[in-house]
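Here it is, the structure in full.
Labels A, B, C, D, E and F are assigned to the chains in the order they are written; within every chain, residues are numbered from 1.
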Amino acid sequence: MQTFEIGITAEFESAHSLTGDFGPATRLHGHTYKVEVRVEARDIDSTGTFYDIGRLRAELSSVLQPLHYRNLNEVSEFTGTNTTAEVVARYILKEMADVVRASGVDGLKVTVWESSSAFASYRETF
Amino acid sequence: MQTFEIGITAEFESAHSLTGDFGPATRLHGHTYKVEVRVEARDIDSTGTFYDIGRLRAELSSVLQPLHYRNLNEVSEFTGTNTTAEVVARYILKEMADVVRASGVDGLKVTVWESSSAFASYRETF
Amino acid sequence: MQTFEIGITAEFESAHSLTGDFGPATRLHGHTYKVEVRVEARDIDSTGTFYDIGRLRAELSSVLQPLHYRNLNEVSEFTGTNTTAEVVARYILKEMADVVRASGVDGLKVTVWESSSAFASYRETF
Amino acid sequence: MQTFEIGITAEFESAHSLTGDFGPATRLHGHTYKVEVRVEARDIDSTGTFYDIGRLRAELSSVLQPLHYRNLNEVSEFTGTNTTAEVVARYILKEMADVVRASGVDGLKVTVWESSSAFASYRETF
Amino acid sequence: MQTFEIGITAEFESAHSLTGDFGPATRLHGHTYKVEVRVEARDIDSTGTFYDIGRLRAELSSVLQPLHYRNLNEVSEFTGTNTTAEVVARYILKEMADVVRASGVDGLKVTVWESSSAFASYRETF
Amino acid sequence: MQTFEIGITAEFESAHSLTGDFGPATRLHGHTYKVEVRVEARDIDSTGTFYDIGRLRAELSSVLQPLHYRNLNEVSEFTGTNTTAEVVARYILKEMADVVRASGVDGLKVTVWESSSAFASYRETF
């Protein structure tokens, strides 16, 4: 079995607070979120790739733009959800999946670091 | 198919030496070990997570505490084994698995870096 | 001329917003702040150091604790100031200077990263 | 199910240009390529490993040596192919697979970073 | 004595080759250049800074744009010079100095990494 | 005033223990030491540099080789001294200074990281 991936990273800087039994994380605080997006495919074509990395970067930038320099709890897409790193990772993947899936890729994985020592990821295979 | 992960990293600073055909690594030396623990699950609950990352951090800290600032070859848990990064990764995973598995997670992966350019990992799916 | 330094790094995760002509940074957002503290001295003593690094770490931890998981704009020490990285760096240095200067050191420098690509520092020599 | 991995990283510094619809990347430019090689196996033996990491490092070094300080477009192995990161990752894996597979390992993965924010990987399981 | 700095980092990806007694570096090769720019001043004003970091980022971006995805040896600004990291650092500083000096800052430092383990810097105080 | 620097980094992996009032650091333990060497000069010559970085790398490698995969407390050069990071940094600088100073450079700085969050440096200007 063989698998290719392409991946990019980006950052956004936002405030948030959690609801529930999360101790100090229930206070308003913030993170420099680091995001990694991986796209998976079984093969590359004659151009040497299966998805243009410049296009992927532009798409991720569009998805992150409404989150950047914001309080995530006030972003309408997160209304009614707890803005954990898991939820943020899934949100980014869902936003990217429509356009990326149209290219016939096999999977997508988004990892979100809240700090240099804590992260969450969400992956879907199609 | 979908998968969530949460992960944390930590460091410990220990001496060790290998036995067998490992050249200079058979001399007493040491490493700043960097450890990454990933916990896998198929879904998150209504709190937006499947395992509290603060609890995971405390558990990893308990597991690493007896290794930190030690000669691994003199730590009783490693008696009779070669303290390769693979063995250290498996040891950490086994120590964490009991408590983490009780939460119904689907997998656990521990990666151990001996330097910025060499690492080993051990993963179990349940 | 010869100079020794010892240094440590730490992180804290906070929200803030700026006042004035700072565009999107005037919205409530947040950062995983990375902090580096350097202490300078002309010489080391017979113990091989001039300041215990464990003590320095504990002191920095005490200074950062009231900022961690907070909105900096609501921390009383920053009342009436704009919470730029420069101001945060100077605040941390001033908090540490009293105890550190008592040890006869020659300088102190604090660097604060708001992201992987933006930082500010403040240094005082005594 | 359980899996072990060992991994190493290395760098090489080369020029290249792409052919096709890749915008500025069709101009002659270059990268400090960072390479990570992971070898997978289901178990370790009584020495505490399944593949000597020093040997892996020497093998990777041999594979990268003809690419280092070169224009990849002029390296004969890439004649007739587009030197995307995907193609470079697959090339490195194929070069290493013969010797590594002889040891009975279960998989091999090569990741190639062209910058701190863009990478591609290729993985084969045997 | 007190000093403030603000700093930013950026990357550009270029080919080049050296002239003279530099062994393999005389062959056409390339780097993912990482650039750090530090601006120094003795004090901050009532806004909490002495130079807008967003403006600094835009200025650095303008300076790097003609170097990005290029062969440095074919960039007219480097005609007749050897494109060492020292020369590239000095070039970037000189390009930025005119506009930055007009703000009354006290110094400027540019560091250029050719790889994760090799760099050069150039600093001017005014 | 203007200053150039060139710098390189390297790693070595060693055991050691401290003597005196250093708590757990008095137990035998170890580190992946990261070393950075900076050489300073006021100007570059017509080759675009003031010291060949390949030569610097070879010299640092020679200095680190007797420390790598060793217990520093058993290395004869450290007999009678406490192997703090400050002492290790000064030792490396002194070993490199003879050959480097012969080239007419103006300063030398060595930084030694014991972990990702703790370091010491020693600098001499000539």
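Basically, a contact is a pair of C-beta atoms (placed from the backbone, for glycine too) under 8 Å apart; a residue touches a chain by one contact, two chains touch by 3 or more.
It should be emphasised that the depicted structure is a prediction, and the values quoted were computed from it without experimental measurement.
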TODO: Could you name all chains that are in contact with chain A and with chain D at the same time?
DONE: B
Open item on the list: Between chain B and chain D, how many steps is the shortest route if every step has to go to a touching chain?
Closed with: 1
TODO: Matching residue numbers in more than half of the contact pairs is the bar here; say which of B-D, D-E or B-F clears it relative to A-D.
DONE: B-D
TODO: With over half of the numbers shared counting as same, classify the chain B/chain F interface as same or different.
DONE: same
- [ ] Could you report, rounded to a multiple of 5°, the rotation needed to superpose chain E's C-alpha atoms on chain F?
- [x] 120
- [ ] Please identify which chain has its centre, taken as the mean of its CA atoms, farthest from the centre of chain C.
- [x] D
Task: Where chain C and chain D are represented by their mean Cα positions, the distance between them in whole Å - done: 40
Open item on the list: Taking the mean of the C-alpha atoms as each chain's centre, how many Å separate chain C from chain E?
Closed with: 26
Task: Inter-centroid spacing, chain F versus chain D (mean Cα positions, whole Å) - done: 31
Open item on the list: Residues of chain B that contact two or more other chains, please.
Closed with: 25, 116-117
Task: Chain pairs in mutual contact under the definition given at the outset - done: A-B, A-C, A-D, B-D, B-F, C-E, C-F, D-E, E-F
Open item on the list: For a test of understanding, state which residues of chain F touch chain E in their complex under the given definition.
Closed with: 1-10, 44, 47-50, 52-54, 57
Open item on the list: List the residues on chain D that touch chain A in their complex, please.
Closed with: 18, 20-23, 25, 81-87, 89-90, 111, 116-125
Open item on the list: If we count contacts the way the header does, which residues on chain D are in touch with chain E in the complex?
Closed with: 11, 13-16, 24-25, 27-32, 34, 68-71, 114-117
